[in-house]
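Chain IDs A, B, C, D, E and F follow the sequence of writing; residue 1 opens each chain.
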Amino acid sequence: MKKGEDIEFIKEGKRVDGRGFDELRDIKIEVGVLKRADGSCYLELGNNKVIAAVYGPREMHPRHAQDAKMAVVKFRYNMAPFSVDDRKRPGPDRRSVEISKVSREAVEPVIIKEYYPKTAIEVYVEILQSDAGTRTAGINAASVALADAGIPMKDLVSSVAVGKVGGEVVLDLNAVEDNYGEADMPIAMIARRNVITALQMDGRMTKEEIEKGLKLAMNACHQIYELQRTALLKRYDSSEDRAA
Amino acid sequence: MGLEIMDDVRKDYVRNMIAEGSREDGRDFREYREISVERAIIENAEGSARVKIGTTDVLVGVKLEPGEPFPDTPGEGVIITNAELVPLASPEFESGPPNENSIQLARVVDRGIRGSEAINIEKLCIEEGEKVWIVFLDIHVLDNGGNLVDAAALGAIAALQNTRLPNERYNLTGDDTLLIEDTPVAVTMVEIDGNILLDPDYIEEKAATSRLTLISNADSTVSGIQKSGSDGMKEEVILEMLEIGIEKAGEIREKFLPA
Amino acid sequence: MKKGEDIEFIKEGKRVDGRGFDELRDIKIEVGVLKRADGSCYLELGNNKVIAAVYGPREMHPRHAQDAKMAVVKFRYNMAPFSVDDRKRPGPDRRSVEISKVSREAVEPVIIKEYYPKTAIEVYVEILQSDAGTRTAGINAASVALADAGIPMKDLVSSVAVGKVGGEVVLDLNAVEDNYGEADMPIAMIARRNVITALQMDGRMTKEEIEKGLKLAMNACHQIYELQRTALLKRYDSSEDRAA
Amino acid sequence: MGLEIMDDVRKDYVRNMIAEGSREDGRDFREYREISVERAIIENAEGSARVKIGTTDVLVGVKLEPGEPFPDTPGEGVIITNAELVPLASPEFESGPPNENSIQLARVVDRGIRGSEAINIEKLCIEEGEKVWIVFLDIHVLDNGGNLVDAAALGAIAALQNTRLPNERYNLTGDDTLLIEDTPVAVTMVEIDGNILLDPDYIEEKAATSRLTLISNADSTVSGIQKSGSDGMKEEVILEMLEIGIEKAGEIREKFLPA
Amino acid sequence: MGLEIMDDVRKDYVRNMIAEGSREDGRDFREYREISVERAIIENAEGSARVKIGTTDVLVGVKLEPGEPFPDTPGEGVIITNAELVPLASPEFESGPPNENSIQLARVVDRGIRGSEAINIEKLCIEEGEKVWIVFLDIHVLDNGGNLVDAAALGAIAALQNTRLPNERYNLTGDDTLLIEDTPVAVTMVEIDGNILLDPDYIEEKAATSRLTLISNADSTVSGIQKSGSDGMKEEVILEMLEIGIEKAGEIREKFLPA
Amino acid sequence: MKKGEDIEFIKEGKRVDGRGFDELRDIKIEVGVLKRADGSCYLELGNNKVIAAVYGPREMHPRHAQDAKMAVVKFRYNMAPFSVDDRKRPGPDRRSVEISKVSREAVEPVIIKEYYPKTAIEVYVEILQSDAGTRTAGINAASVALADAGIPMKDLVSSVAVGKVGGEVVLDLNAVEDNYGEADMPIAMIARRNVITALQMDGRMTKEEIEKGLKLAMNACHQIYELQRTALLKRYDSSEDRAA
């Protein structure tokens, strides 16, 4: 693929969708949207629509996979067949298996697994509509759903991608930028502690660009953290209201 | 485990209430939970609908792709219906290939659509014997509060009603309308200790040992029946359900499926 | 499919194969045809040739699927690859999975499962030759094989399809009627008690036609019940003879 | 469990009898159980045969479909042999994809047919490099009384002998004869405590730890050998089996496979 | 079981040593085990390399076949990278379809090759929109001594460097050179109790709860990063690893990947 | 396939690769080539390159497959995707499943399984380069790897194929002979006791040719046995050296 050959990615300091280099797409977060799950979160990131559910801690099956010292975290990232332009065949593929692993490792560091030995904490993310950045949207939603489920956590995890597009390092790539840009680097972090829990990169960037990207992502994750927190507070308030 | 015991207790509780003439959520035996239908909510899909019946939440998406027709129907499009009971939607659903429940769900919805000839499949022919539209109807369950089949069937026809052929993506020209010629509606009933209940929630589904889904059309004809569950049903109960089901389908159609 | 467009289904009150509207195809039932199985039955319904075997009650595997209060009934409907015009790939497909479920639920109501907690009762139906109506033939055979295996049962289950063909409601569709007719409605019942244990319909019928179909099926199931009973008695007699 | 213990007891019993020179069913060591062959019994198949050897009951069906030849044999038909050990046939068979036993069964039968060049595969070419007949040989076991391979191999060649090409179904013309040019017959022997037994029943199969199948042809050449089991066999035993197997195959051929 | 306990004990032992500034095998924290690269050792492959890093032993083979291009890149070849963690290579590997570890391994190597544009995929076009070369990069692990990804990535690029197009086998003409335009090198680091270690062996991999692989190119640009493990890493650690990884990749490239 | 139609297999008493009828290809055996495995062996037979590893005796999973009286032997024969001209799809196919079974039964007779009840002894053979005769090369390597792993054995198993090519019975077929020759007969045996542990044949041969082939194989297996023994002794010596 001659990446980005004919696309004018940057025009008068703005990106194809009018955003600045360090600007996030709109984010909408709703907590507790599902009834059967122990915790859940619906999240929109631009045109991405994802939903996360958490079950557990509950008995781990099969038993030989139990950990006697802590809970086992499972994570399943799944795309609805209609979430993409060309219908996706149902079931896991190599991409979704890898994203599930990376996403699990993104949220694991904040979960206090030692509280629930021999159990499973299960996180399910469904991509209902995809528009670049689904894994970061999924991690953000999963983090909120975990909190909604009352899973003991040290902190929240926030996630965003940065990338290189038209020679510039930019935040939160949209579909065109992701498909035809020069590089994509999804990141997850515990924003308040500058601890990175997920980091992938593909494409081509210099060391300096990567460093710049990391800074952009840090700032954005702080913003996302606030949105996650606000959504959780709102949910908590409304639960209080209902209880009152 | 804990979950199963809780469900067992609730099941007994629900059966006792029903024996005394009432349902856990205060509904009448012949009453549905609140229904809502949102349309065209997935931009990447050619058609979509999200149907909620009480806490049950089902998303149906329609995708179309050009493909080869079956040899014995060279001038007709192909409909493929699939249901995913993803573990997000219920503590009982497991990851993995479709099992008998998801397969039955998909196939019952599929037969309702086919039997009613709701989709004019001859208009889906692009080039006879060579290329036709393949219609993928994907049922994605988000929250299983019981009675998935009615929600899925309603979502399917609602999604089809707002489906547009993606001519442009495949460099095809012509009208992008998907001709929908009928509006099959599924109504599911269970029998619990001699009482007929409409729209069972998931505890009522567990409490019941037999269930009947009836799919009927705008002209009151029936285009699908499926009995399930490990108990039999008296003939007269089925005849009564036939009556009830067709009538209730009419009410739902009028309210949620404007032609 | 323009169903039945060019076919004259009904001619002078008779169907394409010369039967009347309420007439069954020939049925042949043989009991105890297999040696390894605990119970078995070979059945022909017109050109359908099916064989059913029953194993059990025996230990249920895997153990976590055991039911502490009753036996678990398993049912597997399977078509031999050569049983149809276009060779069927071996192994279960969506159709056979659904038929297996419906068939299991068709026979379950007569099995006294409480007698054998923690066990499995396994029913296997193989379609050797298919000519419309295989699931009803399979249920009839399975019911007899269950009895032959000595599984405690309240009654026998009998099964037949009705349908709509050329505008008429008819009994026991053959292949042409099934493929090109207007509707197909397979039914299983405990004939002596008018209890329906399986009911499916596809195609299009009015309420009145369905009611008429149910009546036709009831009568036919009484006939099938007698054939099943006779076959079992014959088997019992011959066992007696052998024992004597 | 109970079953396994009973089989273990019977195994010991059978071994003791054999040590004393006799078999449970009274047969001679070199004697087959009663064999029967029914032909052309499945109308939907292009060819079929049901073979019973004692209580062993195997149905073999042949289907033909036009398909693409392999690139390196553009003028030859393709043979695909498959065996299903469906759970109906034995308490030990399980549902699921083919395992090593069903695969071995299919492959040994297949090699016998191929090695003998029983099917004239050049006559199965419809259009060189484009379209040839694919011959599906499906072995469907109904009752496993032991020695499935001899029954399956006999069923395969018997079914092929009554196979007709389905020209009409695929709008093709020409002769519908499937040319069969040889009659491979499998003879299976086990060694139990130094004795050679032909046609082991299923308990004898369990009692034996080594088994040899020998497939031979009308001209007494051999077109397939397969040793199985977890024990070795002395060279002289194998040489003796070679002798016995070819002779016995001749008897079976004469009786059940008229040219 | 016994194995797991032994590994646990060794893990603690290794962590204690590291806390005191040394590694079990005497290496410096920033030192690789001995690396060796053998090329063109599989004659049936179009390209191959066997890379050993300490006791880690990985064989990479390249096969090419003509096939169809993707619709959106009609003039480009296709790269398919696959890794098999066969049970021969480690007591922890199991037979079966690829799991998340083998998939991650393959995908990280694949992204390194793609991101660097090491393969000129436009030269792999045979006939635009119709036929292109499909490049299969198969990673076959023989002995898992830890740090499979660096060995696999080095094997991949070394194998590609000696790959020849199999024009003759497919009756094609023209130059049989596979144009390789860059030399991506993977460097993997773990953090154990605040220390950064390069090239972890398999016990160090177990002892570490976070790991970073960095793939960089001849011009020091980066064409792949993958963090894994259940712990987070401080930003400054990652920045330090970025520095170290690029430098170390340069050393490896110079020694083992002559242009 | 018109087998061998145009190929002159035998010319002046020599085969296409210059060998005599009873001549083996070059064999190279190296013991203990893998570190993680309990025993291992690399073997070249002509252009075949195979590697075998043995793990165990170790706990058998799943437990219900354990044998209370003896170890269970597992054997997996697997081809690397690049080991053949046309890339092989990864994973087992029908051919490799059958070869795995035959190979397991080839080595089982010499393993003293009774010493380790409830355990598994696992043998893995990877074909790195294939040139006819991979199963015999794999059995030879497996036998040596079992000894290297210290598995108690009564003897070594040796394996070679014979076949019929251009009308002659010859030893150890190469790829051309295997693909276009008249028959192929792989054999494994305990050479010192003339006990045959694996025997397959495909193609067409007379009884006399088979007998001749068996004799050829016996002689060759004695030669292979010596090579296996020498390789193991060399390994033992070098271990001694290292220990000293």
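Following the convention adopted for this analysis, a contact is a pair of C-beta atoms (placed from the backbone, for glycine too) under 8 Å apart; a residue touches a chain by one contact, two chains touch by 3 or more.
Note that the coordinates shown come from a computational prediction; the quantities given were computed from them, not determined experimentally.
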item: Chains touching both subunit B and subunit D, listed by label; value: C
item: Touching both subunit C and subunit E (chains); value: none
item: Remotest chain, subunit F as reference, centres from CA atoms; value: B
item: Subunit A and subunit F: spacing of chain centres that average the CA atoms, whole Å; value: 51
item: Whole-Å gap between the CA centroids of subunit A and subunit B; value: 31
item: Between subunit C and subunit B, distance of the C-alpha-averaged centres to the nearest whole Å; value: 27
item: Overlap residues in subunit E, where contacts from two or more other chains coincide; value: 98
item: Chain contact topology (line, ring, star, complete or other); value: ring
item: Chains listed in ring sequence, where subunit A comes first and subunit B follows it; value: A, B, C, D, F, E
item: Residues of subunit C touching subunit D in the complex; value: 34-37, 47, 49, 51-53, 55, 58-59, 76, 78, 80-87, 90-92, 122, 124-126, 128-131
item: Residue ranges of subunit B touching subunit A (in the complex, touch as defined); value: 1-3, 42-45, 48, 55, 57, 59, 61-63, 65, 82, 84, 86-91, 95, 97-98, 136, 138, 140, 142-145, 169, 202
item: For the subunit F and subunit D complex, residues of the former touching the latter; value: 1, 94-95, 97-98, 100-102, 105, 108-109, 183, 185, 189-190, 194-207, 210-211, 214, 218
item: Subunit F partner contacts - residues on subunit D that touch it in the complex; value: 72-73, 76, 98-100, 103-104, 106-107, 111, 114-117, 212, 217, 220-235, 238-239, 242-243, 246
